[in-house]
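Chains: A, B, C and D, in written order; residue numbering restarts at 1 for each.
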Amino acid sequence: MSDQQHNQAGFDAGPLPPAGTRPHETYVHGHHWRDRWEEADGAKLGMWLFVCTELLLFAGFFCAYAAFRLMYPDNWHEASRYYLDWKIGFINTGVLLFSSWTIVMAIRSLQLDKKFAAFIYLGITNACAICFLFLKITFEYIPKWQLGKLPGKYFNYPNYGPADPAVIDSTTLPEPAGPLVDAGHAITNGATDMVASAMNSGVMDVLPIAAKAGEEAHHVPMPHDHIFMSVYWISTATHGLHVFIGVVLITWLMFRVMGEHYGPRRYTMVENVGLYWHVVDLIWIFLFPLLYLV
Amino acid sequence: MSDHHAHYLAGKGSTGKTIMSWVWTYDHKKIGVMYLVAVLMMFFLGGLAALGVRAELFEPHYTEFVNDDGQVVADTKGYKGAGSDFVVPEGTTPEQRGVMFPNITVTTVETNPDTGERTEGTKTVTGNNIYNRAFTLHGTIMVFLFIIPAVPAALGNIFLPIMLGAKDVAFPKLNLWSWYIYLFGGMFAIFALIQGGVETGWTFYTPYSSTTEWGNVTAMVLAAFILGFSSIFTGMNFIVTVHKLRVPGMGWFDMPLFIWALYATSIIQVLATPVLGITLLMVVFERTFLIGIFDPALGGDAVLFQHFFWFYSHPAVYIMILPGFGIISEIIAVHCRKRIFGYRAIAFSSIAIAAISFLVWAHHMFTSQSPVANVVFSALTFLVAIPTAIKVFNWISTMYKSSIAWTTPMLYACFFLFCFTIGGLTGPPLATLAVDIHLHDTYFVVAHFHYVMMGGTVLAFVGGLHHWWPKFTGKVYNETWATVGGWIVFLGFNLTFFIQFFLGTQGMPRRYATYPTDIPAFEIMHKISTVGSWLLLLGFLIHLFVFLHSLLAGKKAARNPWGGLTLEWETETPPLEHNFEREPVMTHGPYDYDTARPVNADPALFPMPTDTPKAH
Amino acid sequence: MSHSNDHHAGAGEGHQQDHHLHVTPFAPMLIVFIVLLALTALTVYTANLHHIDVGNTRIEISGTAHILIALTIAVVKSALVLGFFMHLLYDKAVNTIVLASSLFAISLFLGLTLMDLAVRDSIEPYEAGELTPGGTKQVIRQSILRDEAGHGNAHEGEDHSADDNADDGHADEDHATDDQANDM
Amino acid sequence: MTLSTMSSSLATNAWDALWFRENGSAYAGEYNSIYYFIFWASAAFFVVLMVLMVWFMLRYKRRPGVAAEVSASHNTPLEIAWSVIPAIGFAIMFFWGTWAYLPKAVVPEGAETINVTAQQWQWKFEYPNGATSLQTEWISDMEQPLFAIPAGRPVKFLLSSTDVIHSFYIPEFRIKRDCFPNRYTVCWAEAKEPTHWFDPADGLAKPYDKNDDGKFTDGEQGYYLYCAEYCGDQHSQMTHRIAVLAEPDYQAWLEKQNNTDGVPLLDLGAKLYKTGGCAACHSVQPGGVGTGPSWHGIWGTARPGYQPLNADENAGAVVDEQYIRTSIIEPQSYYAPGFQGVQMSQYAGVFTDRELRAIATYIQSLSDDPAAVEKAKQKSDAEAAAQAASDAGAAEGAADESDPEVPAEPGA
C-alpha cells in the first residue's frame, strides 16, 4: 500500500469488511492509526509503559521494606517468621502462577479462534483471582485483624508472658490492653513501651517466651514489629486491590469474549489485561519470599 | 465521522451541541485548549497567593490591632499565646481554628498600666498560619496544577500530534480521561486548599504533614495523588504517539526539538510520578492508619520520606523545565529563521537530562542525609549542569548570522536566556557542599528555583503561547502591547527575585512569615521584592488583556505568520478537526531554513540564502 | 508461526500483517508454568534450610544468604514470566527497552536511597545505645519503664543500657534526669 | 524602621548586604572563598553569554529581503570544547566544595558538647553541666531565651527534636543541620570572637556596643539561630539569639545558669515558662489563646480527662501538682476543653523534679483565687528558706559553695 493511497483513504476507517461477520472481524481501528496492527502495537507499548508505572509504584514498598530491613535486620527476620504463615502465601503463589498461565492460554485460544476455550480459561483465571483474595482475607487478614496484628500504631504486641510466674510478678509487666486505639499521636505508644520494658528488664534475654496465641509460639516481640506489619499490610493490600481490579477486568473480558468482540484479528485488550495480570503475579513473586520467607 | 474540513473551534450547530463537542471531545486540540484555560486560571490563583505572601513580607512586624485611639491593643503574635492578650470564646475547637480564614472573633484586652483597669474590644485573629497556608497554596497550585501540566498538557497536547503530522494522540480517550482526572484532582485540591487550607508546604515533609492537625492535609495529598495519574497518562500518550504516529518519512532526527523535549519529559512523567503516588498514598495511610513508616515517633524514618518524595520531585523539576527548552528551541529557530545549531546535541541533551534527573534528587537533602551520601549526590548533581549548559550555548550560537525577527516570542526567548542562565548558574553554588550548607533552605534557593521555574518555564510558556497563539486561536494579538507586557514582566520578575539571592546569602530562611527587625538588609530587600511582585502582576494582566482582546477583536491570523517550517504551520489556521486535509508529506526537515521555503511563502518576504547576495 | 485466520483482513492489509500474529505456543508456556511452580517450592525449601551438610562439614546459611537465594530465584522467576508469559521474547525490542528503563529507575531509587541509609552513621555516629537507627522513643520510654517496672530486674536492664551507652557521659546524665523526673 | 533610617543604612550597608554575613566561625572564610569563586566565574560566564546574545539581537536583526547566511549547523570541536570546559569548572567546584565540607562533617576531638533540642517552636540548649539557659531577651516582640557559647574552641551541637523536623541554622557560622525526632544529628562550629560579655553585677550576658569595635551593623546584637526547616505555625519565630562569650565569661555565665537551686520556685517556674518551651503554646494571660490552653486561672479547676490505658476512668481531674506533672510527662493523659486532639510535645525527662514543682507553683500563682496565689508564694518562700538553711549547713563544709542568698536573675 502506497502512501498516496493513505493520503486519500487513510483518514477514514478504510474499506469496511463484509457485513454480517462477527464483531471482532468488523472491528474498525481508530481513525488516526495507519492500520489495526499499528494500533495494537501502540496499545501494547502503552500497556508496557503502564506496567512500568506499576513496577515503580511497588518499588516504593520494596524500598520501604529494604530500608527497614537494613535498619532492623533481626527484627524483620523474626517478625516475618512469626507473624506470617508461609503456607498460605505459598498456596497463593501457586494460584497466581496458575492463573498467569491460564490467561496466556486464553490469549492463545483467541488467536486460534476458540472462543469457548478462551472463555473457560478466563473463567479459571478469574476463579484463581477470587481464590487468592478469599485465602488472603479469610486466612490472613481476618485472623490478623482479630489478633491485633495491625499496621503501625494499631499493632498489638502478642500476648507475651514469661514461662516462670515468679518473673512476671517481679517485673510487673502490664497486661496487654488489646489493640491500642487511643487517640492521638503514638508518643505514648503503650505497646512499644511494654516491649521496651520487657527488653530492658532483661526478661527477653533470659527466658523463652510462652505465647498464648499458638501462631507466635516462641516469638520474641521486638520493637519494630509494627513497622513490619505496616509494610506487610500496605503492600499486600495494594497488591490485593490490584487483584480485585484484575477480577473486574477479566469479568468484563469474559462478557466481551462471549459477545465475540475478540478473535484472531483483535485480541489486544485481552493481551493487555494479560500483561496487567502478569504484573500482579510478578509483584507477588517478590512479595512472597520477602515478606513470608526470609 | 464528523466533517473533516471544519476548524476544530467551529461551532456544531446549536450551543448545546457545541458544548457537548467540547465535553466529550477526543480531539487533542480541544483537550489542550481546555487544559490551557485551566492552567492559566491556576496560574493567576497561585499568583494571587504569591502576592499575599509578598505582601506579608513587606514589613517584618506582625499585624497589629489598633483601637480607636490609635493605640496598639494586640498583635497577631498573640495568636501564639505567649503574652497573648486575646480571649477566645469558650469551646473554640481546633477545627474552627483550622479553616482557611479562621475568623475567630476574640476579645482584646487592654490593661491600663496606671489604674489596672481593663478595657475590652473585639477583633478577628489572623496569624502566621494564614501566611503558611498562602505559601502552601502558592506552591501546590503552581507545581501540581500549573507548571507540570502547563506546557505538556496544554501546548504539548495541541501541537505534538500536529508537529508529527498525526491526526491525534495515540490514545484520544485516555487523553480525555487525563483531562478529567486533572479537573477532578484540581477541584479536589482547590477544595482542600480553600476549605481548611493546608500549611505543610508543597513538600509535605513528614512527620509534620503526617501529624499536623491543621487543615486538610489528607485531602490535599490525595489530590496530588490523583493529579499524578493525569500526568502519567499524558506522558504515556505522548511516548506512544512519538513512537507510532510520526508521519511517514519523519525519522527520529526529523522531529522538531519541541517533540524531543516533550518525549524526554514524558519519560520522566512515566518513570517518576508513580513513586510520588506511592509516597503520597503512604502519607495518607500514615495519617489515617498511623502506619509509622515515615513517622519517627512510631519507629519510622523521616529521611526515608524525603528520599521518596524527591525521587519524584526532583525529576519533576525537569518535567517542568524540559518542555520550556523545547519551546525555546522552536522559537529561536523560527524567529531567527535559521537552522538550529547542534540539533542532535540539543535532542540528546534532553534525553540525557531526563536520565540524569533520576540521579540527583538528594541534593535537596544536604542538611538531612548522611555526609557521605551528600558527596555522592553533589557529584551527580554537577553532571546535570553539563547538558543544560550545552543547550544554552547552542541557542545562542543559532542566533549567530541569523535573521532575527523582533517579535514577542523572540523577546521572550531572550528573556528566557537571560533568566534561565542566571537560574542555571546559581545551581552550582547549591550543588557545592560547603556553600550549600549555608544557602540551603534560604532565599537563595527560593530565588534560584524561581529563576529556573519562572524565568525558565513560565517565560518559555508565555513565549510559546505568543508563538503559537495565532495558530491555535486563528487570531492575531497586539504585538505592541504584548511587547510592553513582556518587558514589564521581565523587569518585575528580576526586581522580585534577583534581590532574593542576596537575602539568601545574608541568611534569610525560607517560609518565614516574619523576620528579625534588627537586620536592616532583610527589610529593604523584602520591600524591593514585594514591589517587584506588583510589577509582575501588572505585566501578566497586560498579557491577559492582550489575549482577551485578540480573542474578541483580533484579526484573522495568517496560516504561517512567522514562516515556520515545522508541520503545524502547514495546516489551516486554526487547524482542522483532524489536523490536516491530507496526510502531510515530509519534503524538508523542521529547521531547513537554508534550503527550504515554507509552503506558499512569498519569496520576497522569505528570501533564501541562495537567491540573495551575501548580506555583508 | 503460521496461521490462516487473516482472510477477512481489510484491503491492502492482509498479507502485510501476517507476521504480527504470533500464536502463543502451548508447550513452552506449560513448561514455564511448571518450572515456576518448582522454583516457588525451591524458594520455600531453601528459606527453611538453615545449613547444608557436605560430608562432615556443616555450612550455615546466614540471613543475608537467605535473602540472596530468595531474590535470585525470584529474579529467575520474574524473567521467565516476563520473557514467556508477557511475550517479551516474541515482541518488538521497544517493549524490552521500556521495561529496562523502568528497572534502571527502580535500581537507582532503591540503590541510592539505601546507600544513604547504609552510610548514615559512617561519619556521624549515633550516640550508641541511646537511639537506634531510624529511632524510636526508646530513651525516654526505657527510663520511664525502668522505674515503673520496679527494681526487681533493674540491674539487668541497666547492664543492658550500660553496654550500649558506653561512649559518652552526658547521655547518662540524660538518663539521670529522666530518673529524677520520675521519682517524684 | 522609618524610611530615612532605612535609606541611610541602605547606603552604608548595601555593598555588605550583597555578600555572606560576617565570618563568625573558624571555617566560614573558606566557605566564602568557594562561593566567591563560583560567583565570579558564573558572573563572567553570564556576562559573556549575554553580551553575545544582545549583540546578535542587534547585529542580526531581520532586514527585509535579506536572508540569513548559511553557517555551520554544528561544529564538533566547538561543541566538545563547550562541554568539557564547563565540566572542568564543575569538577573544580565539586572537589573544592567537598574537600572543604568533609572535614567539617567530623566533630573535632574535645569539642564542648551542647545538647540542642528543637521543638515547636523553640530551641533549648542543655550545657554539659546540666544547665539550660535562663536568660531571656526580646527578639522582635517576643521574649526568647538567649544561648551562650564559648569563643575560640569547637562546640559540638548534638541535635534532636521532640516533634517534627527542624533545622539548626546559624548564618554567621555557616552551619545548618536538620534535627530529627528520635535521632541525633551533629554539627559543630568554632566561634571566632566574643559578641557578648558577662556582667557579674546582674549575671547577664550583654552585647558589646557596636561602637566598641564596630563589629555589628545597626541594632544587631550577636548572631541569630534560625530554624531553617518549615515546622509549622510559628516557624518564623524560632529565632533565638546566640551570644559568643570569651572563655572566662562563658564559664561564669554557665555557672550562673546552672545554679537554679538558689532561685525561688516561683521565679524558676516563671523562667522555665519562657525558656522551657511552654510559652510556645500556653498563654499566661486570662483566656489567652494558643495551641494549648492558657495557664491563667486553671489551678484548682476540674478538668474532664481520660487516661488511654485505663479507658474506664473518665472521672476527670483537678488541676494540682499531680495533674500538672502528669500533663507534662504524659501530655495525652488529660485534655482541656476545646483542645481535644492537640498534640503536646512530650517532656518526660526534660525537667527535674524541682523544676516540675516550680512550674506547678508558677501555675498556682496564676490562679484567679487570691488564696491559691498566696499559697504559691508561701510555698516558694518556704522552699527557698529551707534550701538556704540546708545550703548554709553545707556551706560550712564546703567553702566554695555558691551563695544561697543569690536572688533571682533580673529579667524574669
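Please note the rule applied: a residue touches a chain if its C-beta (ideal position, glycine included) is under 8 Å from a C-beta of that chain, and two chains touch if they have at least 3 such contacts.
Note that this is a predicted model, so its numbers are computed, not measured.
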Innermost chain by mean C-alpha position: B
Contact-richer chain pair (by C-beta pairs counted) among B-C and B-D: B-D
Separation of mean Cα positions, subunit D and subunit B [Å, integer]: 34
Intercentroid distance (Cα basis), subunit C paired with subunit A, Å: 15
Between subunit A and subunit D, centroid-to-centroid distance (C-alpha), Å: 47
Contacts with two or more other chains, residues of subunit B listed in rising order: 211, 243, 271-272, 275, 296-301, 303-304, 307-308, 371
Junction residues of subunit C - those touching two or more other chains: 94, 101-102, 105, 109, 113, 117, 123-124, 134-137, 144
Per-residue overlap in subunit A, given as positions that touch at least 2 other chains: 41, 45, 49, 52-53, 56, 59, 63, 67-68, 71, 185, 187, 189, 192, 223-224
Residue ranges of subunit A touching subunit C (in the complex, touch as defined): 1, 5, 14-18, 21, 25, 35-37, 40-41, 44-45, 48-49, 51-53, 55-56, 59, 62-63, 66-74, 77, 86, 90, 93-94, 97-98, 100-101, 104-105, 107-108, 111-113, 167, 170-173, 187, 189, 192-194, 196-197, 199-203, 205-206, 223-224, 263-265, 271, 274-275, 278, 281-282, 285-286, 288-290, 293-294
Interfacial residue positions of subunit B with respect to subunit D in the complex: 60-62, 75, 77-88, 90-94, 104, 106-107, 109, 125, 127-129, 132, 199-201, 205, 207-208, 211-214, 296-297, 302-303, 336-345, 367-368, 371, 374-375, 378-379, 382, 385-386, 389-390, 392-394, 396-397, 399-406, 414, 417-418, 421-422, 425-426, 428-429, 431-438, 440-442, 502, 505-507, 509-521, 523-525, 593-594, 604-605, 607-609, 611-612, 614-615
Complex interface listing, subunit A residues touching subunit B: 3, 6-8, 10-13, 30-33, 38, 41-43, 45-46, 49-50, 52-54, 56-61, 63-64, 67-68, 71, 150-154, 185-187, 189, 192, 223-224, 226-227, 230-231, 233-234, 238
Of subunit D, residues touching subunit B in the complex: 1, 5-6, 9-10, 13, 16-21, 30-31, 34-35, 38-39, 42, 45-46, 49-50, 52-54, 56-57, 60-75, 78-79, 82-83, 86-87, 90-91, 93-94, 96-98, 100-102, 104-105, 121, 139-143, 163-165, 167, 169, 171-172, 174-178, 180-183, 217-221, 224, 226-237, 239, 279-292, 294, 337-343
Subunit B residues within the subunit C interface of the complex: 243, 267, 271-272, 275, 296-301, 303-304, 307-308, 311, 358-359, 361-362, 365, 369-373, 376-377
